[in-house]
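Each in structure tokens, the structures are laid out below.
You will see two complexes here that share subunit A, one where it goes with subunit B and one where it goes with subunit C.
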Partner chain A sequence: MFDFKLPSLGADMEEGKLLEWLVKPGDTVDKGQVVAVVDTSKAAVDVEIWHKGTVHALLVGPGEKIPVGTVLATVLEPGETAPAAAPPALRPAPSGARKRISPAARRKAEQLGVDCALIAGTGADGAVTLADIERAVAGGTGTAAAEAAKALHRPASPADRQAETRRAIAAAMSRSKREIPHYYLFETVALARAQQWLTVANEGRPIAARLLLAVLQIKAVARAVKRYPEMNGYFRDGGFEPAESAHVGVAISLRQGGLIAPALHDADRKPLEQLMRELTDLVKRTRAGSLRGSELTDATITVTNLGDQGVEGVVGVIHPPQVALVGFGRVALRPWVEDGKLCAMPTVMASLAADHRVSDGHRGALFMAELRELLQQPQDL
Partner chain B sequence: MEDEQLRATVIATLRSIAPEVEESELRDDRPLRQQVDLDSMDWLNFLIGLDRALEVDIPESDYGRLVTLAEVLAYLKLRLA
Partner chain C sequence: MKTSYREAMRAALHEALESDPRVFLMGEDVGRYGGTYAVSRGLLEAFGPERVRDTPLSELGFVGAGVGAALGGMRPIVEVMTVNFSLLALDQIVNSAALLRHMSGGQLSVPLVVRMATGAGRQLAAQHSHSLENWYAHIPGIRVLAPATVGDARGMLGPALADPDPVVIFEHAQLYNLEADLPDDWRCDISRAAIRRAGGQVSVFAWAGCLAKALQAADEVASEGIEVEVVDLRVLRPLDVETIAASVRRTHRAVVVDEGWKSGSLAAEVVARIVEECFYDLDAPVARVCSEEVPIPYAKHLEEAALPQVSKIVAAVKSVLNV
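Here is the complex of A and B:
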């Protein structure tokens, strides 16, 4: 039997609120299956489990706020039989101030989606009884119960969410500036080939299947880090852990303010069409607030594109524990010399912010040269 | 399609991408993407939305003609005629 714990869904997350279980005791679970929805400061997140097994007991109830690392559920290994002892009931809340609620009342309250915390108990020691629940629902406090039900399942209000998002970004970025000795490199990249290739590639496509330059940029970064692995991975516990895969975090701005940089998994290996579909989906889900836990935690390097806002270039802040961030500015026609002749060339300024504890400017420069060359060969991306 | 109906469809599509848009604050003669803060993904989704609502597949080569709201409306009117 193993413990399913609340994972950290980002460097800045300390606690979460369980919104909903999507499994119950006795259910079999598969690797990668979404088993619970947890509200973090930034979004409601679908949390996956990474072991096969059978759910034995759920230890935390919906509505509870718990710190990262809390055991949420116990799960039996495949083939393992349940121990003789009865599975433990839902873990009591850590604070002693929690109300006493009779089991029957708790079940009824769960069925009806009522938050017992909002109901006055008439039982022994102020315990909430079944009758209290029924009275609350049927009687004058029916609206309160309905409100309570909503409060239980509703993530934070937009204003709260905005403030929380800002706080989370502040924590992560402060940590980055405090701990990571950044160095920065810039390279202006010619994009005539990439744009011509895109024009031809998009000509015959229906609008929903067209590719954006952003996809070429993401794929080029993913390919480049495979050659320069010191840009790809995590700095943790005083050392660098290179990542096997290139999961590119894509900085996505939220319309109400703030940003999230969820991961496009294995971006180096996926065809551009697939990456484009996944990117579209990721942007949509990020803005709708329905990301998966792995998308929030897996990014091994981040790409930010601020060109649409019209800036020339970006001096990035690395998202810890990652060790590099690549930024792209605006694509514009600029004077350029090629083969000794002056011409008007569409170019973009690519920038690298990298962690000096892991790599040096020399390797960073080679990485940027690789990125530049990859973008000259769009047909091979 | 009547002009007003076309306009309503375009605004509704825009609001599906950028729900905070107030029609009264939109200026027809200013670049749309600046007014509404649409990045290239939002812009593509806006055009996909128009394609779905009006069945007008807008080729990439025409993007340059679609800068302001007035231009978008004029272009769509022509294509739908």
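Here is the complex of A and C:
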């Protein structure tokens, strides 16, 4: 049997509110299956489980606010049979992985013959408290905790949600500017080839299936970090942990204000058509508030594109614990010299904000040159 | 009519000097200057230099003289200006006063009262801001009192003098200006803690300078429907474990507030007693609000940040309730 715990769905997340269980005890679950919906301060997130097994017990009820790391459910390993249910009274609590039960609640439960394993805790650290036992006895085990939680936490209004989103962004960005020594590099990238290639590639495609420049940019960043791994990964516990995969976080603004940068997984390896589909889907789901936990936590580098808003360039703030952020401004025609001749060239200002604890300007510059060259060869992306 | 803590203490000294010719007061500046905190003002004029004696700046010397006088049948009240300077007299208090009954096989008793100011909060910097009540509360053979109210300032000295063994009374320096109505019955049982506010959800244990903060925190959370019981330990040795445990058995949750540093603090002792006596009654881990483990800073904002404050007590109360 193993514990299914509330994962951190972002560096700035400390707690979440369980909205809904999508499984019940006895259901089999597969790796990657969405089993619960959790409200973070930013969005309602589908939380996946990463172990195969059979759900044994749900320990947290809908409506409860719980800190990251709280055991949400216990799950039996494939082939494992459920431990025999303990007779209600006068049996010592099973040893091993201990559910948190306050000493007073434990004694009360024993006196009343209540099985604490079936009761969701509302005390500090998710412990079962005296009041939980009393409620369970008064109102039937399953719903007691949820009702209690509801009474304690009123549903968040849109204004509350907006304020919480703002707070979460404030916390992450303050941490970034406090902890990360940023350095910044800029490069103007010629886009004639990329635009020509897109025009040809999009010929005959229905509008919905057309490739956008953004997807070329994302793919180029993903490919470039494979050559310059010090832009890709996390700075944690005083050291850099390079990431194996290139999961590109895409900054997506929310209608009610604020932004989220969920990950496009393995962006370096996927064909452009697939990336485009996934990007469209990601934007839609982000704005609908139905992201998966892994999408919120897996990004290894972030790309932000503020060109649509008309700015020339971006000086980005790195999303901790990541170590780099690439920004793109608007595509603009600029006077340009190529092969000794003056011409009008569509260009974009690409910028890099990178973590000086992990890399230096020299490597950053090589990374930017690589990005520039990749965007000159769109057919190879 | 309101009485100040200082006036209540002075009235207690006056009564003691008047009612028992064996009682005398000595210490630095207690006579002509009227006491560093003006507690003994007017006593020299009322009782004369034999009964109210200024001493040289020599804590080891005059506390030792107090021990000798007590052995000789007097009832000395020795004022050490502050706990900070009492470190110079530790040998007399710990090795002589506290142990002579034991070392003499019960033949000698030391009916000595030592009063001293304690505590931080007035920007006097690290060397003059100690809260070392716990050092004395560690020692068998002495009783340690910490009056935190006007009533206790009035009522503790009498029974302390009546105790045949040494008693150390800590007066938190920030309390001297505290004003309150003197209760009609200010007599004090110096073996018991006092419940200053009854409540059913969390017991907050505090004493001396932290009691008022604990009461204020209780007021604040009361507006959110949280009922806090505030227990004034007031007797720091021997601890009134019975009252402490009874309170925790009612509320199932405890927060201990101590102006001393957390490591090896009196708060640590109180928590240990709670766990020993009431483990199965606890519904949440016990929380402590102590001073930060730094020398008490001089700068006002840093000093405030280092000491237990109402907001920290409120946060601790809420954490044990998980609200």
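Definition applied: the second predicted complex is superposed on the first by the 310 of 381 C-alpha atoms of A that agree within 3 Å, B and C clash if a C-alpha of one lies under 4 Å from a C-alpha of the other, contacts with A are read in each partner's own complex, and residues count from 1 in each chain.
Criterion: a contact is a pair of C-beta atoms (placed from the backbone, for glycine too) under 8 Å apart; a residue touches a chain by one contact, two chains touch by 3 or more.
Since the model is a prediction, treat every value here as computed from it, not as a measurement.
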Checklist entry - For A:280, is the partner it touches subunit B (first), subunit C (second), both, or none of the two (neither)? => result first
Checklist entry - Who does A:107 touch here: subunit B (first), subunit C (second), both, or neither? => result second
Item to check | First, second, both or neither for A:130, with subunit B first and subunit C second | outcome: second
Checklist entry - Can A:207 be said to touch subunit B (first), subunit C (second), both, or neither? => result first
Checklist entry - Which of the two partners, first being subunit B and second being subunit C, lies in contact with A:79: first, second, both, or neither? => result neither
Checklist entry - Taking the superposition as given, does A:122 touch the first partner, subunit B, the second, subunit C, both, or neither? => result second
Next on the checklist: Once chain A of both complexes is superposed, is A:308 in touch with subunit B (first), subunit C (second), both, or neither?
Outcome noted: first
Checklist entry - Hey, is it subunit B or subunit C that touches more of subunit A? => result B
Checklist entry - Of the residues on subunit A, which ones does subunit B touch that subunit C also touches? => result none
Checklist entry - Taking the complex as given, what residues does subunit C use to touch subunit A? => result 252, 279-285, 319-323
Checklist entry - Given the complex with subunit A, which residues does subunit B contribute to the contact? => result 18-20, 33, 37-41, 44-45, 47-48, 51, 57-61
Item to check | Contact footprint of subunit C on subunit A as seen in their complex | outcome: 102-107, 122-125, 127, 129-131, 152
Checklist entry - Hey, which residues of subunit A end up touching subunit B in the complex? => result 199, 202-203, 206-208, 210, 212-214, 253, 255-256, 279-280, 283, 305, 308-309
